[in-house]
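After this come two complexes, each holding chain A, first together with chain B and then together with chain C.
For the complex of A and B:
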């Protein structure tokens, strides 16, 4: 039964599960919440590809698999292309009449972390979006190369410390801003692009359903709090994600057909970003007096971005 | 339903055109490709068939060769016939995914118009890309002319998709020398060709939703070794299937192929071992020398992988001096063909003399005259009873002679 008809989380927790629980992801990792929600938000058959990363190495260690659907992993960069190929084969076989069950509904989904989405697989993703395959790409954005021990990616926010952009006596951590992947994907003219978060599980399920129900290439960036590299207690994953969405560090919104922007979550009380940063070890150094200016500039960026999103929503263009 | 394509009993096609026709006749389900000289016309021709309704399958023009092979892997795992084409730098970009395709045992057909690898940039034919693929776990078939490129492409589907093989197959032809040289070709009719190739047989397809499958799992020291050993065994065991498919194709066309092609070898005293279009050059040289009383012959691996260790040894065991021709920069070693042929011959009683020629890099011409000179050099070794030159030489190089290592047998 798909999540559409589910009223609450308790009911969801007893739902028939296509993503088996016995995986190797860290306790408190948000990846499994997001993946599980995607797989359970539809009754359609799924063909899934996954880039190399935490999700992949934790869910298909031979001779076991957590995937109760067809699943493929090729490399770090090419899940979008693998699913393109599978989708093309589906179309060819449907036309030629060689599918075992031609009427069975199927959706094609690719998962990648931010390392594979923003960085190494960027070209492969762009190519697949441009070609217009009917698939949904979901980025599990934990803002670093967590699978290899926490190196910077182009999704790592300014000021966070990672092993390759470290805070130290001469550095406040990463100097560069996070890449705006959502805008880039919307600029491809994709029919549905969104940024979603697992703490807002209903809007996430609705967003996933919209993407799966939309013909053509859809892209969703999901914030996936990383207990290991963001450095917080595994029990606090949803709390940290609440801080992310309520500080507007991660605004929740969608862009339809490359231009129609809708904000999907407006915090009743917007909290200062300082609260979000203070809850995580990766930003600890920013609270030294000499780095206070970084927190100020992060807050400024957030305010500007929120202003821009609201204006774009209002403009309806 | 695809439009009917009119095809004559004899056509004048170059290697690329011949291959694109073979792909059309095999009714490939998905071609995912990216253009690169000199293989570009294969996908251009295919694009023409698509535009004019001759193709029922999908044609996915991706943004790089790495993506081309990635798309092929995804498509093949979804259960259907898959093919692509490339050369040189594109081949190099694909290499990561070549290993993944073979590791997942997906019978993709990759047609390669062989071309040099940069730097310096060069679009002409040599075997650098073919050699780069030799440890990738693919079957590698070698066509010496355009008609063979057509034949090998049809055979490649049969071999790779065979239920006892399930491995990807490369079909090699020499860039420009074969890919762009037109000759008379005797294609099969569409019906005969498809009957020979047959319907695609699905194994562990991702689109059978009653039986989900996992492709590309992780294995560490506990299982990786066993998987790779099984893959190697499948390659070794494919030899019998290759023989079977070649024999069947021979019955159908009168063109019978072997994993090793021997020419004038029955009583040969000196021999050249070569790959690609140079094989025909060497055969002409051998014929001319035979008229002069030199017992010259040519041995050519049709199948570069799995390497025909057994058939090479059998073909060369009674020959006295052998020149192995490598059309790839050896990068600080002896040429690969030299090494592999020598290894095969080391387990014979006679252990004939073997020398190595690096030749034809970046499309440098290799003519009958030079092949004859190499044969005569072998004859000189036989007469002297030992190798009279460096063991590795460069043939056709401008400037002073270049050679390495002297024999210790004199």
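For the complex of A and C:
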């Protein structure tokens, strides 16, 4: 009995949580919002593997586990590899007829933070995508190594201060641009690749369902606002994510079969990126006169990216 | 009026971590399996929290209540059951049954305040109070509906 469509939030709320409370993620962390939503949007059995990161260390603090499904704890880089192995074994046992309940639907999901997806586990993820296993990889993108104290990752956007790319008298924080992981994964020819955000719960749930229902390797990049390292009040998690999607810092879109691009959310009023940056402590230094040019370049980049996405959507190629 | 103890209290306290079952973290063998449920876990997806048999290893049987400085208080009279708080609660602490919001699971709530921020009613049906505020005191001082500012 698979949930096929979610009409409204009331209907969605009748699902029973399979991600339990009393995990040790920070108050207001968006990671658990995303994980809860994934586990609520399907009735199927789930096999989940998780890269080392905030999610993994906080949900499996001995002797407790917060997962009501099969969950594999694995190294920093190889959640994609572990889930490939689990999926391959499942298929083999199904073929040999050694499964206890061969008709039960099973979905394979891997979670990773941006550090383990963009940097450390990149090669392993790429390999799993290329081999074409039937799994969904979800990147919880909080733009730094939050678990180890907020070091820069290749997902950290330009201008943000981190513990290893500090803003100061001679620096405006990280100088390099954010890696475009969604395009890279789409270039693998994956059947479904998307960038989603928890504040748009419906498009996120539908995206998850599409990915779970698609045969083959799917990749989803989700925006996960980090109260600790982005430096904002825990209660503002959804507000910050709203600013991120409405300023188009995080456009919400999907790419099907590596070429067909659909924009899933168009803000009615696009807000200037200053509002998004001003709401977070990690960009505070950019508002000094000597660093104003960074904000301008961020805005320019966002406009170019949005133009590119719109044109690609129109072109249908 | 509010059944805030609906799911948590039934399972907690009764089943303490058994000393004979629990080995130290440094004695755990590689590849060990920790069960979230006692007995058969098939069909767990169709069971509500109060129907499940959680094992001692499930974090559901633990509590993070001591993290809180402020707690959200729920006023059922104002609530429209939109379920915004349910979908965005990071700690699975909003108790919703049959499309209705019933209350807050104070054993798992960390007091982040996201539920209060996303509540769309006027006045809000969830508000933050300091941890020792009594429920009656919080509810009796609930703010009135605020009028929209005229432009």
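Here is the rule we go by: the second predicted complex is superposed on the first by the 302 of 317 C-alpha atoms of A that agree within 3 Å, B and C clash if a C-alpha of one lies under 4 Å from a C-alpha of the other, contacts with A are read in each partner's own complex, and residues count from 1 in each chain.
The working rule: a residue touches a chain if its C-beta (ideal position, glycine included) is under 8 Å from a C-beta of that chain, and two chains touch if they have at least 3 such contacts.
This is a predicted model, so every value here is computed, not measured.
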Three-chain arrangement built on chain A, chain B and chain C clash or fit: clash
Partner chain in contact with A:65 - chain B first, chain C second, else both or neither: both
Chain B versus chain C as contact partner of A:127, first or second or both or neither: first
Contacts of A:77 with chain B and chain C, given as first, second, both or neither: first
Partner chain(s) touched by A:17 [first = chain B, second = chain C, both, neither]: second
First, second, both or neither for A:86, with chain B first and chain C second: first
Where chain C runs into chain B (options 1-9, 19-27, 55-63 or 109-117): 19-27
On chain A, positions contacted by chain B and by chain C: 45, 61-63, 65, 67-68, 101
Chain A residues touching chain C - in the complex, by the definition given at the top: 9-14, 16-25, 27-33, 36-37, 43, 45, 59, 61-68, 101, 198, 201, 227, 233-239
Footprint of chain A on chain B - complex, ascending: 29-30, 32, 56-58, 60-64, 66-67, 70-80, 82, 96-97, 100, 200, 206-210, 212-220, 223
Touching residues on chain C, where the partner in the complex is chain A: 17, 22, 25, 28, 34, 36-37, 41-42, 44-49, 56-64, 67, 81-84, 86-93, 96, 98-99, 105, 107-114, 116-118
Residues of chain A touching chain B in the complex: 45, 47, 49, 56-57, 60-63, 65, 67-75, 77-78, 81-86, 88-93, 95-96, 98-101, 104, 106, 123-124, 126-127, 130-131
